[in-house]
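Chain IDs A, B and C follow the sequence of writing; residue 1 opens each chain.
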């Protein structure tokens, strides 16, 4: 799968542009790292790549076809393979388990063994019947990441995944990212303003964004993929 | 543990809701009060008549005698508001005691008098120590002058209804006869409430007030008034006349309402007079035998203000 | 002399629950319509209703009286001094309450649920169902809040209901009328019932909101 942005501009209010003339190409398998200061436009860019936001100008191409010009059915089927994880987790009322299963429930294919596996792996077993409005920030973030992982997406988009995450869980997440890319041939996009050492080794490409524009774009020659 | 508690609470709530629902259902299937009744008439009355219980007796006896079984929907208001409701046609029959206001509405052609049926008196009540020496006043006007002077000296307070009720209208008439204006004085308090609340307020503040004797005796007999006593009566200016009116608004202008109203006034001027004599003497006196005298008093009262 | 507290209570519950249910339905429809507006316009609508919450119920009572009295535009309905008149008046008392308590959540939840559904790679058609699920506790507490506002108001019930014994006398008018004739003891008993009802509702809102529906 290839997702390409072609001269993408975006503005929320029609006045100021948070993204200006972005052209980028993401291919699977691959791990892409988006870096840049807060407010640079990383989140907007990721939401455009995840087809949540339609850009004000420019095209989003999926394997050459312009996503927003497709019919609804094709759009829905393309969306089905991509999952975006918010910087600030959006949880629905209910237990941890319910939230983790939410994506699968919507897809109508709840697989208990996968749910069980990830809940245990990320140390949520003891919390699984707890209401999500009693979780700490880190626990809530973990729930939202696990919710994405259980759907086994081919494209996983993570917005600041490591904030609030302790080092054990961060390491687990990096392992899972590598598995998606290497074993399943998927694609992972990560936005972060903080650079982990492990991330450096992981990424196939770095994109730096400052003030809504690409300020540097480099292939990682040391990538051990 | 916590979960079980919650489930128990939930089950209890459901059971209570069920029982309530059952009763609501039963209540409204037994008494279809939610359908507007054909044979109901809205009556607006001054609170005192409602409080003493005279109106209920009137209506019950009337229904027993005539077998008309009419539902009188009683609105207990001040005379000012009651007259306004009559003028609007919101209520068709009214029982009030504010002659000067009554005359105004009659002159505007909004209401029609059916009967002057009863009277009692207003009295000036106040603390038994009587700091203004109202007891020795020559009449009510003189009494108000004394209260004014004592008030200015900081010795006395006066509580006014301040609500355009019959009592309030009379009080203002006396002030104007005394050529005094207590408006805005620190010792002149306005309750803006009914007679009972005003009396209780005067009782708590050791203040003077003007009241119809019925309301005073009703509360005093229940032991609710500890400090204030009747200090001054005045047959000339403090007579309190109760009249019955019919609204001339188009909503009341139908043969049925008129028939009931006339029949009711007829009852009140005959059987009702016996009832007043037997059960309410002193609270509200029947007019029978003194009709022309009371009507003269009513006329004099309209000229007071 | 006065009618039984039980029948007054039942009448109060009946009148206020019908009024607040109608207000709740209207507020929900209004929220649906208003949530289509831009954020700035939606804020304006919300501020408008927030200011209506503070209007004294007596004023609403007078306005409804002007509408329903025999010379008024709806006088021909002949429903002044009936329970229907109270229901209409309390509808207007409860509506701003119901709307303001639900609309802000309506607006913000709609956006976040949409984001969530799309972010999980799901089609937008899943949004309404999940949104309704998320809104349930808010809708329940909004209904109960407007109900307790309706049952506790006096202005409307006294002016357009009139507090007629055995017909339109509700808890608040019974308190007002019994107080006005100096029967404080009886008024206090009714007041206690009113307090009990309001406390029960507050607890119901809390339990529903925090325990049952959030689990």
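Just so we're on the same page, a contact is a pair of C-beta atoms (placed from the backbone, for glycine too) under 8 Å apart; a residue touches a chain by one contact, two chains touch by 3 or more.
None of the values given here were measured: they were computed from a predicted structure.
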Note to self: Please identify the chain with the largest separation between its CA centroid and the CA centroid of chain C.
What the structure shows: A
Notebook entry, point to check: Which chain has its C-alpha centre closest to the mean of all protein C-alpha atoms shown?
Noted result: C
Check: In whole angstrom, what separates the CA-based centres of chain A and chain C?
Finding: 44
Notebook entry, point to check: Whole-Å distance, chain A centre to chain B centre, using C-alpha means?
Noted result: 76
Margin query: Distance between chain B and chain C based on Cα centroids, please, to the nearest Å.
Written below: 33
Item checked: In the complex with chain B, residue positions of chain C that touch it -> 1, 7, 10, 13-14, 65, 69-71, 75, 78-84, 162-168, 177, 179-184, 204, 207, 211-212
Next item on the list: State the interface residues of chain C toward chain A in the complex, per the touch definition above.
Entry: 112-113, 115-123, 126, 130, 133-134, 137, 213-215
Next item on the list: State the interface residues of chain A toward chain C in the complex, per the touch definition above.
Entry: 50-52, 72, 75-76, 79-86, 90, 92-95, 102-103, 106-107, 131, 133, 147-148, 151, 153
Check: Which of the residues in chain B end up touching chain C in this complex?
Finding: 6, 9-10, 13, 20, 23-24, 27-28, 33-34, 36, 42, 47, 50-51, 53, 56, 71, 73-76, 88-90, 193-194, 196-197, 199-200, 215, 218-219, 222, 224, 249-252
